[in-house]
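Each of the two complexes below includes chain A, the first together with chain B, the second together with chain C.
Let's turn to the complex of A and B:
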């Protein structure tokens, strides 16, 4: 028998203390929780909404804040025809309460104590759990070399753009690389194509350095990048992925 | 928390169609892909399926061709992912675990399914016998795609879908219950969607 002493992950009433418009489609919610257990960068929470007639909808959202933060930050991107995301992106306001439970997930996580250089690859709002890792990297004073490769449609879709620039300036061991897949503004210095083998090799680390690779985004991007990483010779066990839908599958 | 809190301004989606879903699930017509690492791609010539275990009189191994020659069934089932999507009436084809386990003698009580990519999942034997679990290699009439677990995956539709392990390569029969990959990472040991056993302690 599996005999583990575990306590249920209980629902808590979180208060929205601040909202930040990140892009036309995405908004961050800063939440204060009565009882928060320190999370690990990469973990997620569940959010539960309730209608007056008792109907409930629950969804999982990645945590954007680092373990060091005094509040919990979620960043939500609006999904067209979504049930929960339009509410969180457009309706919720400061002072509202949400039911939240977590932190959840023990695999797609990174702690500053882990060895090996770090390669983070984000597609769209897949940046969210990786941002928690980047923030943790800076706040923990990690000297582990870390590169973030962030693929977005257009420059306006880059979430946390200003903060990423600031992190890249202030955190000596952290660098960020962007690629835009649907057109770039004049003077754009980043990549302008889908992530390919050359780009991944340029931005990443040689397999001999045994980098830890975290890939998060829509399924086609994650499938493609994980396959490229294997092709470049990275070990399967060093590649962690998180895919999101709902329309990512085939 | 004793009673749920009404969310100001939240109306939710029309919900009559979702009446026969387990608690906390929503309906999707997509087939989302969720897995923790790169998709393994095993050549059929190198694929095999084994049953091992300490109480086993003799281990068993099938090559891909031998596996294809086993009695096959079609299964229509509703599937429920712990990330809250459910998909109704999915159609699969494969071999029942009853068929596979009838070909070995053992005294085990639990089964651990193991897979390419290092994943595993644990189930009590009585939850996989009696037409409740299959090794499937076909989805909606076509060979199972690698991102959905091809060439073959476990199908245990009465449990959350993480227990329907992708890229399955064999079964270990065990006297003791030993948590698998996700079960070691905070997910529920049993994972019954109708009892909403998502995480440890649920």
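Let's turn to the complex of A and C:
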């Protein structure tokens, strides 16, 4: 048997200190952990639930809070047939404890020190890790120009809508663009279609500016947008993706 | 395989961190089949209860297979020519 010389990532008991209803399908959980290591925007954690008979279910959730925050914020969207997300979205209360380990991942991360304009493209709950980046951008006082393109079904499904509007007002280097794919309210000023080449070109940066592009959401959206970005002439090495699977959650 | 079930290598970050002492999604893997080099986080995963298979995004060759049994981790990296790990203590 191999002896471990370096400590593995360990499970910690996180305490839910606050919950915030974001949309009918999504809720944010603010967690306090006994031993939290500063994370990077874009990283995720794993959450493990154990039921009385010992059965365990484990899922990955992106971190929504920026590295500067004193707590860990996860935003979870309910998956209809899910084992874990309905519990986190509808059942967990302040004071409850969850098993959490992380932060995990170093690839799909952004730090304010990185060069190049930033293009963030989110589909549905794919906004979560990108929100950590947008919040980090504002709190770090980054002057790197950043654009967020956020595709949601309907206006009620836009997670962090009010805060995004506020960030776009207060953070001079940050702008947000929305597109709704299943109908818009009267007077809607944003896009009203699936993300396409024209939209990506309008909202993004020319390849000559070497933007860093982060795409997160349901797998079909992520792959379609990544293909468009390559078609527009962006370098593969500047495009980072985080696929959430068929329905945009796990 | 159902294309909509594809995930990024990022999804295996926690599992790989159980085995390796470094954050592994930033490690660079060279495909033994086509020679493409990509970050582990940019590899393709098809989620399966049987185990985790990380494939080359260029040619879909299996590069890293991880199966966890009750007592052991089985790690098959025969599809990869080379894995370059850059220690980064800030990201685990």
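What we mean here is this: the second predicted complex is superposed on the first by the 239 of 250 C-alpha atoms of A that agree within 3 Å, B and C clash if a C-alpha of one lies under 4 Å from a C-alpha of the other, contacts with A are read in each partner's own complex, and residues count from 1 in each chain.
Here, a residue touches a chain if its C-beta (ideal position, glycine included) is under 8 Å from a C-beta of that chain, and two chains touch if they have at least 3 such contacts.
Being a predicted model, the structure only gives us computed values, none of them experimental.
Asker: Clash or fit: how do chain B and chain C relate after the overlay on chain A?
Answerer: Aligned on chain A, chain C clashes with chain B.
Asker: Answer with first, second, both or neither: which of chain B and chain C does A:162 touch in the superposed model?
Answerer: Neither partner.
Asker: Now for A:226: first (chain B), second (chain C), both, or neither, which partner does it touch?
Answerer: In the superposition, A:226 touches chain B alone.
Asker: Is the number of chain A residues in contact higher for chain B or for chain C?
Answerer: Touching more of chain A: B.
Asker: So, does A:104 touch the first partner chain B, the second partner chain C, both, or neither?
Answerer: Both chain B and chain C are touched by A:104.
Asker: Quick check for you: in the superposed arrangement, does A:87 touch first (chain B), second (chain C), both or neither?
Answerer: The answer is first: A:87 touches chain B but not chain C.
Asker: Which holds for A:208: it touches chain B only (first), chain C only (second), both, or neither?
Answerer: Neither partner.
Asker: Under the stated touch criterion, which partner chain does A:37 make contact with: chain B (first), chain C (second), both, or neither?
Answerer: In the superposition, A:37 contacts chain C only.
Asker: Going by the contact rule set out at the top, does A:243 touch chain B (first), chain C (second), both, or neither?
Answerer: In the superposition, A:243 touches chain B and chain C alike.
Asker: In the combined picture, which part of chain B sits where chain C already is, 7-15, 61-69, 79-87 or 97-105?
Answerer: The superposed arrangement places chain B into chain C at 79-87.
Asker: Per the definitions at the top, what is the overlap between the chain A residues touching chain B and those touching chain C?
Answerer: Overlap of chain B and chain C footprints on chain A: residues 6, 8-9, 60, 104-108, 219, 223, 240-246, 250.
Asker: Show which residues of chain C lie in contact with chain A when the two form their complex.
Answerer: 2-11, 13-14, 17-18, 21, 23, 25-26, 39-42, 47, 88, 90-92
Asker: For the complex, which residues does chain A have touching chain B?
Answerer: 1-2, 4, 6-13, 48-52, 54-60, 83, 87, 91-92, 96-99, 104-108, 219, 223, 226-227, 229-230, 236-237, 239-250
Asker: Report the residues of chain A in contact with chain C in the complex, numbered from low to high.
Answerer: So the residues of chain A touching chain C come out as 5-6, 8-9, 37, 40, 43-44, 46, 60, 101-109, 218-220, 223, 240-246, 250.
Asker: Where on chain B is chain A touching in the complex?
Answerer: Interface residues on the chain B side: 1, 4-13, 15, 24, 26, 28, 30-40, 83-85, 117-118, 145, 147-148, 176-179, 183, 185-186, 189, 199-202.
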